[in-house]
Amino acid sequence: MNEILALAADNLLSPIILSFALGLGAALARSDLSVPEAAAKAMSIYLLFAIGVKGGVSVSEHGLGPDLIAAIGAGIVLSFGLPFVAFGLLSVLTGLSRIDRAAVAGHYGSISIVTFVAASTVLEGQGIFAEGYMVAVAAAMEAPAILSALWLVSRGGGRPAGNDGLMREILLNGSIVLLVGSFAIGVITGTEGLAQIDSFIVAPFQGVLCLFLLDMGLVAGRGLRQARASGLGKGAILFGMAMPLAGASLGLLAGLLCGLTPGGVALMMVLSASASYIAVPAAMRVALPEANPSVYLTLSLGVTFPFNLTLGIPLYVAVSQAMTGG
Amino acid sequence: MNEILALAADNLLSPIILSFALGLGAALARSDLSVPEAAAKAMSIYLLFAIGVKGGVSVSEHGLGPDLIAAIGAGIVLSFGLPFVAFGLLSVLTGLSRIDRAAVAGHYGSISIVTFVAASTVLEGQGIFAEGYMVAVAAAMEAPAILSALWLVSRGGGRPAGNDGLMREILLNGSIVLLVGSFAIGVITGTEGLAQIDSFIVAPFQGVLCLFLLDMGLVAGRGLRQARASGLGKGAILFGMAMPLAGASLGLLAGLLCGLTPGGVALMMVLSASASYIAVPAAMRVALPEANPSVYLTLSLGVTFPFNLTLGIPLYVAVSQAMTGG
Amino acid sequence: MNEILALAADNLLSPIILSFALGLGAALARSDLSVPEAAAKAMSIYLLFAIGVKGGVSVSEHGLGPDLIAAIGAGIVLSFGLPFVAFGLLSVLTGLSRIDRAAVAGHYGSISIVTFVAASTVLEGQGIFAEGYMVAVAAAMEAPAILSALWLVSRGGGRPAGNDGLMREILLNGSIVLLVGSFAIGVITGTEGLAQIDSFIVAPFQGVLCLFLLDMGLVAGRGLRQARASGLGKGAILFGMAMPLAGASLGLLAGLLCGLTPGGVALMMVLSASASYIAVPAAMRVALPEANPSVYLTLSLGVTFPFNLTLGIPLYVAVSQAMTGG
Amino acid sequence: MQTHKAKRVVITIEAIMQKRLTDALESAGVTGYSILDVIGGSGRSGPWTSEGQISRASGMVQVICIIREERLDTLMEAAFDVVEKHIGVVTIGDVEVVRAERF
Amino acid sequence: MQTHKAKRVVITIEAIMQKRLTDALESAGVTGYSILDVIGGSGRSGPWTSEGQISRASGMVQVICIIREERLDTLMEAAFDVVEKHIGVVTIGDVEVVRAERF
Amino acid sequence: MQTHKAKRVVITIEAIMQKRLTDALESAGVTGYSILDVIGGSGRSGPWTSEGQISRASGMVQVICIIREERLDTLMEAAFDVVEKHIGVVTIGDVEVVRAERF
């Protein structure tokens, strides 16, 4: 317990968390500090590319092992399944409409890549190894949850809007393509390829992550100010912190079943605990335009993301260490 | 004297000055070379973040000392006071209207962070230590000058435009928030935090500064071409070079009184000598819309900034060395 | 031969080529992956600046030698001459209109700086020295080809559109100014200047190049999808691969005549083989608005650029090695 | 200078729906349009800004079509199918154009 | 397709005044507007461009409101208070809108 | 509020021609215009987007002039000389402006 607290405190005072807090504070105080949209997008491309290549290189070093298939399979099952857990929790905790519950549920089955990145950074900082292919698991978990969300709506008699090409769009989503593509680049070029570009993708990584989190803090803060106005209920906020814990527990189980290393288990927990704020919101706007975006964006980016970033990650790492004896 | 000249020559042939000159030349020759607005803004965020964190880390290493309060106090007094000096000089040297003089004066009480950054780089290059908290002094000097400018207008019977929220806006200005925030991050995370991100904020710093100065050269050159058309008088241009010297002298005095190190004194001179081109122009547009922006932007960015960058900085460093026996 | 194949295979599996392939594949699969325009432009500024400075520093180290004048002269002659070769080939291979042939021809006399950058990277990777002033040759080759293209049109009775200021515009083109300017910065500041900024312009260079090529792959892929629709003929595509070989042969001759090192000869081949996609397309839109941009952009960016990147560069390096006994 | 009457249709729509809208327009035979980026705004769902956004879910664009009056209805029907369920504002204004053969 | 008359008000104003303008509009009960970025221009104070700018002092935006005719005067008064002393161009045009209940 | 009639001219033109167009406008005595960035579109030469572009050859802008009716012809002639051979769409609409002395 003490160890968890120490870890959490350490984590809370790291440059990346403080940068997020700075952005959050600036937005809540209504400072005009802002990051240009193009710069934010460029940083997200950089982070996806770097994390993908690093994951791929790690696989090229340590080999794939049969567990890759298991882990990806587990990720897909989790992504399909978690929305049902989320939907149930939402039904108990909130008075949201079916369509809003389904939309929110879709977010929690999918993943937040920046939470994953932050967790990888924490693991690295503590010298804990994690399977490189967890990047591929992350990519695999992005999309299935969307199907579950749509199914939850249609089961209730709702009809998602014009879906032509939606599946294609989701699977060929920029962030999935970039993650999978750069993972492949890493696998193919291996350590030798990495040597050529590591002063670009390894050395400055954490610094870029700081500025990216500064921006995410700004965006989250603006969203929270909005949400305060539109009155997101206490039940919903409670959900935003309970659901990651539920997700992480299932992720823990899956990680242990797949026989992942302690680091891998922690990342599986993080993926399950985190909620999407890129791929799923876009898909929901297309398929469920009646769902209220401020509900799911606020929960995902304004509640769950900071919860995972500050308390969740150190907790998941500690639990995974304890459970795996790592 | 020889030493100053050598230093100036050295400075003039450094990559950062040459980059500025390249931008200036390209703009004056009407090349279509340009830096996207989003990239320029991203670089300014990077520079503010990096200089803030570095300052904070330096404080966490060397401690604050009681002199911090003195230095910040001196900075605030200078920022309040310098506009009066500037206003007086402008009354003597130019035929500008009261409102234009007040607006220009406000710029010279405030500071140019990139001039500060360039000076820090020069000091570093020469191995001269400077107090890390000078970053905090810089932040403290951004705003007070604006109040003096407004007071100068209202004393003359003018009435600044709708000021609701102007003070809040100025104090929560993005560049102040980012500078103070990243300074705090540096203080909190200290050397350990820096170690995680130094290959992002230390190593590439001077290179980014080059591209940033290239852009500033382009913007300044475009402004000068404009100004040539609109005919900024000789008196005004003389002011643009005399005022930094006056400011630097007062900064020297303040720095010596506060007992700063030679490097710190030099930075105090630089802050006093430099003129704002981010926070103050924006505030002036809001509060004094009748003041002519091309006058104050041209003076600040087209005359004083290059003057400080090329001749001012080496001069201030040399003088501070001489006066402190550093 | 085996060596060439090994080199080509090596090249094909390098991170930069794979990044290009990823972009190309994503665009052809109609993924929504995209790089913001401002980020793409910022990367191109970075690459031009870095390659310019590095070239200049290399000259400051190795001296200019009388061969610089010869090499620049040869480059200018090639840039003037190659459009005639291209025009002839196009007349034989395609049924394009005179004006389209002229416009395409202009592109092939000029150069692609990113192809040059990629080739320099390959040479560096193999430890092959090349004259630093080849950057200046590259800059000198950008513009002359445009005059040849216009002459080819007017000889056929056509009249290029309103040309006032076109020549000035071309010569003061952002990419030429930046390349020449940063080359001069490199020459002036030399190794000492480089030391200050090399962790910005040297270390992350290949990584930035990867993301830049990812973007070029996306743009090329989008163009190819377009071109498939508008039906660019087989003859034209054949031209897009034959012309670089013709150009490279003439470049080889010129390089040998100028007595360049093996690396320099290879770069001269690369410059001659490559086709412009920045300066010339813009000039053609202004001067020859009736020429079809999708023809020349597709050929330059969609056919010749990938051809050079994947097969051309290793071939040119191998041939130059063989011919110079390097 | 000789001018001709035409309609200027401006459709403000979420960025994620842009492709669907322009596909629908193209299917309906509308081949000319230009797209502007909307950087912020406000509506029944509150204010928003594109600053610092990485999600494609937020953000809107304006699709502008200059079109002959007689083709307006076709355009409107195609657009309406896409815009109907989604956030979006459609306005039609009168303009004069120069080269009428283009529209 | 059934359409309704409305007004399209375009206010070109300095970026630093954007928040003050939209606050004034909101106070006046105008809840719908979209914002476009102006990347350059020229006026009595000469030409300008947003290229490479980091200062918020330069740069303009266009605030576009689609509004019912009967609400126009309220909007104009609110806007005029902000625009009056500042650089800015206000134009009002006639448009047809589809879903009139939205405005 | 007292308003005055004016014309709103929108010229959609390739970015490379922007300078030539605004120079022509200025020579013709038109001093007020604003420029918007066009991020994509479609026309007879097919669809395009500015995404990821570094070449100035692609990309378009909208030059918007608010002008008194009596000055319209001068503007149109100046613009037409530049637009004629190039890709470009010119539309003219009616608007009301507030401070007429500005135009």
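Letters A, B, C, D, E and F mark the chains in the order given here, with residues in each chain numbered from 1 onward.
In this section, a contact is a pair of C-beta atoms (placed from the backbone, for glycine too) under 8 Å apart; a residue touches a chain by one contact, two chains touch by 3 or more.
From a predicted model like this one, the values you see are computed outputs, not experimental measurements.
**Student:** Strictly by the touch rule at the top, which chains does chain B share as contacts with chain C?
**Tutor:** A
**Student:** What's the distance between the Cα centroids of chain E and chain F, rounded to whole Å?
**Tutor:** Each chain's C-alpha centroid was found; their separation is 19 Å.
**Student:** Distance from the CA centroid of chain B to that of chain D, rounded to the nearest Å?
**Tutor:** Centre separation, chain B to chain D: 45 Å.
**Student:** CA centre of chain C versus CA centre of chain F: separation in Å?
**Tutor:** 34
**Student:** Among all residues of chain B, which ones touch two or more of the remaining chains?
**Tutor:** Expected reply: 32, 34-39, 41-42, 199, 203-204.
**Student:** Where in chain E do residues touch at least two different other chains?
**Tutor:** In chain E, 36-37, 39, 47, 56, 93-94 touch at least two other chains.
**Student:** If each chain is a dot and touching chains are joined, what shape do you get: line, ring, star, complete or other?
**Tutor:** other
**Student:** Could you run through all the chain pairs that touch each other?
**Tutor:** A-B, A-C, A-D, B-C, B-E, C-F, D-E, D-F, E-F
**Student:** State the interface residues of chain D toward chain E in the complex, per the touch definition above.
**Tutor:** Touch residues, chain D against chain E: 10, 12, 36-44, 47, 60, 62, 73, 76-77, 80, 89-94.
**Student:** List the residues on chain A that touch chain D in their complex, please.
**Tutor:** It is residues 34-37, 40-41, 44, 161-162, 215, 218-219, 222, 226, 229-230, 277-278, 281-282, 284-286, 289-290, 292-294, 297 of chain A that touch chain D.
**Student:** Can you list the chain A residues touching chain B in their complex?
**Tutor:** Chain A reaches chain B through residues 13-15, 18-19, 22, 25-26, 29-39, 42, 125, 199, 203-208, 210-211, 214.
**Student:** For the complex, give me every residue of chain B touching chain A.
**Tutor:** That would be residues 36-39, 41-42, 45-46, 49, 53, 168-169, 172-174, 177-178, 181-182, 184-185, 188-189, 193, 196-201, 203-204 of chain B.
**Student:** Which of the residues in chain F end up touching chain E in this complex?
**Tutor:** 1, 3, 6, 8, 22, 26, 31-37, 61, 66, 93-99, 102
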